[in-house]
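First, the structure itself, so that you have it in front of you.
Just so it is clear, A, B, C, D and E label the chains in written order, and each chain counts residues from 1 on its own.
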Amino acid sequence: DPTNSQSENQGKEIELLNVSYDPTRELYEEFNQSFAEYWEKETGQKVKINQSHGGSGKQSRSVIDGLEADVVTLALAYDIDAIAEAGKLADKWQERLEHNSSPYTSTIVFLVRTGNPKNIIDWDDLIKEDVSVITPNPKTSGGARWNYLAAWGYALKQNNGNEEKAREFVQKLFKNVPVLDSGARGATTTFVEREIGDVLLAWENEAFLALNELGEDKFEIVIPSVSILAEPPVTIVDSSVEKHGTEEVAKAYLDYLYSDAGQEIAAKNYYRPRSEEVVEKYEDQFPKIELFTIDEQFGGWQNAQQTHFADGGIFDQIYQP
Amino acid sequence: MGITIEKVSKNFGEYKAINNVYLEIPSGDFTALLGPSGSGKTTLLRMIAGLENLDSGRILFNDTDYTNKAVKERRVGFVFQHYALFKHMSVFDNIAFGLKVKPRHLRPSKEEIKEKVYDLLKFIQLEHLAERYPSQVSGGQKQRIALARALAVEPDVLLLDEPFGALDAKVRQELRHWLREIHEKLKITTIFVTHDQEEALEMADTIVVMNEGKVVQTGTPEEVYRRPVNEFVYRFLGRVNEVNGRYIRPHEVSLKRAPLGESFPAKVVHVHFIGSTVRIQLTRLDEDILFEAELNEEKYREIGPIAKGEFVYAQFTKLVDFDFQQKVKPLPQKESVL
Amino acid sequence: MGITIEKVSKNFGEYKAINNVYLEIPSGDFTALLGPSGSGKTTLLRMIAGLENLDSGRILFNDTDYTNKAVKERRVGFVFQHYALFKHMSVFDNIAFGLKVKPRHLRPSKEEIKEKVYDLLKFIQLEHLAERYPSQVSGGQKQRIALARALAVEPDVLLLDEPFGALDAKVRQELRHWLREIHEKLKITTIFVTHDQEEALEMADTIVVMNEGKVVQTGTPEEVYRRPVNEFVYRFLGRVNEVNGRYIRPHEVSLKRAPLGESFPAKVVHVHFIGSTVRIQLTRLDEDILFEAELNEEKYREIGPIAKGEFVYAQFTKLVDFDFQQKVKPLPQKESVL
Amino acid sequence: MFKKKKRHHQVLPAFGLSMGYTLVYLSLIVLIPIAFLFIKAAAISWDDFWSIITDRRVLASFQLTFSTSFMAAFINAIFGTLIAWILAKYQFTGKKIVDAIVDLPFALPTAVAGIALTTLYAPNGWIGRFFEALGIKVAFTPLGIMIALIFIGLPFVVRSVQPVLQELDQQYEEAASTLGANSLQIFMKIILPTIFPAILTGFSLAFARALGEYGSVVFISGNMPLKTEIVPLLIVTKLEQFDYVGAAAVAAVMLVISFILLFLINFWQWRISKKYETV
Amino acid sequence: MNKIKSPYKINRLNFNFEAFRKGGLIGVALAFLALFIVVPLIAVFTEAFSKGAELYFASLMDPDARSAIKLTLLVAAIAVPLNTIFGVISAYAIAKFQFKGKNFLITLIDIPFAVSPVIAGLVFVLLFGSQGFLGPFLEANNIKIVFAVPGLILATVFVTFPFVVRELIPVMQEQGTDEEQAGRILGANGWQMFFRITLPNIKWGLLYGIILCNARAMGEFGAVSVVSGHIRGLTNTIPLHVEILYNEYQFSAAFAVASILAMLAIVTLFLKSVVEWKTK
């Protein structure tokens, strides 16, 4: 009985494990502190949040294999679906919280070197012959799948939904990729540290972070005309919270993401908040951009995954080194 | 402690290393196991020590069956060919080992151990080396330390596997004397392995000649030398000239300046002086066969100086014939012995 | 090929392994380098082969200075103590090696090599072992293969480092003969190292006695045995009894049943029969000193059977005294020799 | 199996005990877990299995892994032998340090090595820039993978060959030189055949290690499918797509192939030494 | 007289050539080592200190770094003794006795050398993970193995399994059984023989094996990465922490932590030299 064990834990420190993906480290570092303070004030109970980060797919697999996450905050709904399939959480998890269970969003932007020497302004510039594009491998990186789908979506739009053209476009784009890192972070390092490539396709928040951490004077962010609305979802892992008796605090934790405080922290870490007020407050930071969703363009993650990324899918077909 | 070995056999796979051996060694005896390489000497010694199992037969110590006794209950001292000194222990600790591992109620006190080890060190004249490690002493010294270590536990039987095999000729000779002296003093039943007939003849009270896993002959040095039971023993125990399947020892060849009786002419190929004897290599002129003669001082003086290239007359008087003993296997072909 | 070694010295660090050695070896001679362990025998032999550098001095082959000649230009055959047969080559290939590595224009054809190797194999009586590997042949066979390998390149000089050191007593004796025979046939200048005085006396035309890096005496076996230049040579060349700083060989001790002249009574401790001689250990009754006497058959028959425990009278007639030669270092303490 | 040929129990004790413990521990830690890998891989039909392992990407990664591993082990066999040679035969200042440094790849975590090597060999790295100037790309190419594999495999060869060279009796070389051989002949005909089994051992260890290496390679390889994607990464990739069976299948094939190769090399080595060493 | 002060014995083949060749070979070997081993090592330290010593030490004192260090020590402290005990016992069985299938057994022991660390990790996930063979049972009894310390230890034990045995077998084989037999004859019982003769005789080989085993245990990345779960402060070992820092763009901190392991490597190598020196 969860309430029972919860009361037993009263006064003791509760521990919560948040299994997340790579680019959220800074976000959750700040958010966890804020939440712990909030929770202690509310209930008098100390809560310690343990964080695990890694490639989104790998993290999801760890949870499936027994990593007892109380909450998962991953890059794609698909990865959480996989956990649901393993029976660790409810099938309809995505309906449990507002906005498809995604308290913040992001999008895919371009990071280029200062002065934008190759003059890259929009997606079309990426398939020019002399442009070298850095993106991680969509087979292993959640971020890379967003990149891929953003490019695909753009091409569909440009060509009035012509799949063939889209395919051609993406194929050309990947021809320009000299290194396929296995994760988003690796790709950023390749672009920034190894100085390989002219443009990095990255989450907006990653691009900002790279700018901050690695030198504003070295890079510029380029916002393309159209991009994808990336919705990193969050949810409670039912089996774990039941076992740990942490359902209440885990729920509160995710709810807190939707609170003003939570939304502020997301915005500060360059995730686009859902809250209108916070959006307004950070208007300068997040320029307006035409965004399409996965559901619109690809009929949801399961579809996208099957069509594009599964073994023998479109990516495998078009990828020619 | 007398030792009886009864119908003992031991195979290694198909190979009969020890083949139905019967042997009795009286208490206090100094016995040599003598035989060519591979004849089973080491195997037999190790069986007595309990280091090797028997396939069949019994081993008795003073009429008590020891066949299944554990090694450490046999009270044997064993000196390995390459000494097997404990490399990581000082000479003192090597000798003290057997005392230190005794069960607590039998173990002497530290002082007693120390006294005993120093007595032994004095006995082997190596007191000043107590603190050295085996790697820091010479081969002959190692040999003596190994012996002291074996003696420390006051064994009833002392077993030595080619105790001088790894030593220089000169050092070997000195240690032979020393080992005999020790036996004179302690009177422990001692069995040592050797493939050197001179060593066996010089040191042992009893010689056990082995070949191909069998005991071929047992007796005093004089017995086995003078009354060999077969060709093998005869050939193995000393130099020998072969004459159409019969044998004669070089010192039994007589040389003369002039023909006499059944003598034949021979040409001197080489003359060596080995201490008090003169060894002469000759070729029979009638059959072009090489043979050797050995003269002692008196005989050499009699015949007078002999030089390479001279002609003399030789006589084979006491040719030995083993042909009647067909059951004894002949010595293997010359080249396979080498 | 005659060899002259002129004022040659060689240090290992501080240690003078070879100390100002002068030596002349006539062409075709069969020379033994004899000395205790560490006396520099191997070092000298290796210097002749060119395997070791000289610190000073010269080495001449037939009056030509070879000091700086490379090993492979010296035309020496070298037989190592442990044979150093190439383990990964068959017996045939071992023997053929020296022919196969010749520069192309000097190299015999395959057929010639084969013929030559088989000639050598026949010579050493091991034709049937051509395809075996060294690990599959016995020690004595290895020794002979090593010799054949050295002979294949038709060396001018044959050098052997303790050629029989690793062999059984019996095999050793047989090979000694064999090596002499080969020398008789081929007449190659041959130098061999040994620390066994019997081996040197039995085999060599010339014996070079070494001690502590120096040549102590050079001469025929008879010369060095009968006229040793100092105590060291005397003691090293045979068994010896020491009597207050003077020496006598066991076979020079005379034993009698009754007192006679300067004789003294002694108790028989042990009697051994070694072939044709009888070795007797005795204790002097007046001084409680152990000594040894050696009687040949005639002498033993004269005095009649002697048994352990009996009393006899011994006489030291020809005691040798080296005291006048103070410059010669005495033999090291007994225990440091061991 | 594992039954003593010779009963020695009176002399050296506890054969049964120690052998029993060995087998139990070996089974628990190694054999049973590995067996489950094969059970997992056996859960799919032969056709599925075949299509997994004959996939273009899988085949390409097998080819890449085996060829770079082989090349790296081969280069290590040559330079490792050379290093073993100078350590065993020559005296020079700093020899002790060199000797110690050889073990560094054993001790340095592979991930650290991977990062450090990538930093060095990237086009803008200390070493990579020189290659870049020559138009040679090192990091993110098979060449880079090879460099990482050379790094991790080197000590295996050196440590296999060095003791053999050290124990190699000078007499064999001397014997050959008295027989008229020159230094090249001595090396080729005497020394090389003698140390060859040891080189082979070192080679096979380095090769096996290289086949499985992950930590140091992922950083420097660039991970391009069909081009610079190694088998262990492919296994990880499959796992991240929740494809356990596929991962187990590829892993099983990988294991079997490396076993067979190792076994063949060991057998060859054993044959060689058996031929000369039998007594 | 051509005098080259060279402590190795020169076959007087060709002096100048010999010296020349020696120099050349040493040069090539050292260049190879420098390029492949020394420069990477230097790179680690250069990067580690690139942002100053203060940041260097700060990154070592970071709580996550400290817990990673503690965890690594814990894992090694369990895995190394386990494999050491196994190594000594099975080397004893293998080296001191003759039995059929010995070579086969040695090959089995070698397996972990040939298994990719990633596969090693995978194997334990397949066995102990929720989806694995023993998963349901473990979960029912609330036993955590993978994604917890036991999993890390298991993976490490697997990967470092052969190090000690393989080091000891040749040492023991070379020593033969004479000394043990001598001990037995002198009356030693099994324990006395083992602890007074067998063990002291292999102590340096054993130490070397332990050192290598320990180094690998602390440095293992691939296998532990698969079974770790990457929970900061809980299941990250030093190599995993290095990866995390690296992924956070904290390059000098990453190299700083890595340099601990490099340092460990150097200390290890130093110890090993001492060992070798002692052995002589």
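We adopt the following convention: contacts are C-beta pairs under 8 Å (C-beta built on N, C-alpha and C of every residue); 3 or more make two chains touch, one makes a residue touch a chain.
To keep track of the chains, here are their UniProt names: B, C = Sulfate/thiosulfate import ATP-binding protein CysA; D = Sulfate transport system permease protein CysT; E = Sulfate transport system permease protein CysW.
On a predicted model such as this, the values are computed, not experimentally measured, just so you know.
Engineer: If you apply the touch rule, which chains end up adjacent to both subunit A and subunit D?
Structural biologist: Chains in contact with subunit A as well as subunit D: E.
Engineer: By the touch criterion stated at the start, how many steps lie between subunit A and subunit E on the shortest route?
Structural biologist: 1
Engineer: Please tell me whether D-E or C-D has the greater number of C-beta pairs in contact.
Structural biologist: So, comparing the two chain pairs, more contacts are at D-E.
Engineer: Going by the average position of its CA atoms, which chain sits the greatest distance from subunit C?
Structural biologist: A
Engineer: Taking each chain's centre as the mean of its CA atoms, how far is subunit A from subunit C in angstrom?
Structural biologist: 89
Engineer: Between subunit C and subunit D, tell me the centre distance in angstrom, where each centre is the average of that chain's C-alpha atoms.
Structural biologist: Computed from C-alpha means, the inter-chain centre distance equals 51 Å.
Engineer: Going by the contact rule already set, what residues in subunit D reach two or more other chains?
Structural biologist: Correct list: 6, 8, 11, 119, 174, 177, 182, 236, 239.
Engineer: Residue numbers in subunit C touching 2 or more other chains?
Structural biologist: Within subunit C, the residues that touch at least two other chains are 51, 71-72.
Engineer: By residue number and range, which residues of subunit A touch two or more other chains?
Structural biologist: Counting only residues that touch two or more other chains, subunit A contributes 64, 186, 193.
Engineer: Touching subunit E in the complex: which residues of subunit B?
Structural biologist: Contact set of subunit B toward subunit E: 49-51, 71-72, 74, 76-78, 80, 82, 84-89, 97-98, 101-102, 149-150, 152-153.
Engineer: Inside the complex, what are the residues of subunit E that reach subunit B?
Structural biologist: By the definition above, subunit E touches subunit B via 178-179, 181-189, 192, 196-197, 200-201, 203.
Engineer: Would you pull the subunit A residues touching subunit E in the complex into a rising list?
Structural biologist: By the definition above, subunit A touches subunit E via 17, 19, 22, 25, 50-54, 59, 62, 64-68, 86, 88, 183, 185-186, 188-189, 192-193, 209-210, 213-214.
Engineer: Would you pull the subunit D residues touching subunit A in the complex into a rising list?
Structural biologist: Result: residues 55-57, 118-119, 122-125, 139-140, 218-219, 222-227, 233, 236-237, 239-243, 246 of subunit D touch subunit A.
Engineer: Would you mind writing out the residues of subunit B in touch with subunit C in their complex?
Structural biologist: 36-37, 125-126, 138-141, 143-144, 168-171, 173-175, 177, 180-181, 184, 195-199, 201-203, 221-222, 225-226, 236-239, 249, 251-252, 269-270, 272-277, 279, 281, 290, 292, 294, 296-299, 334-338
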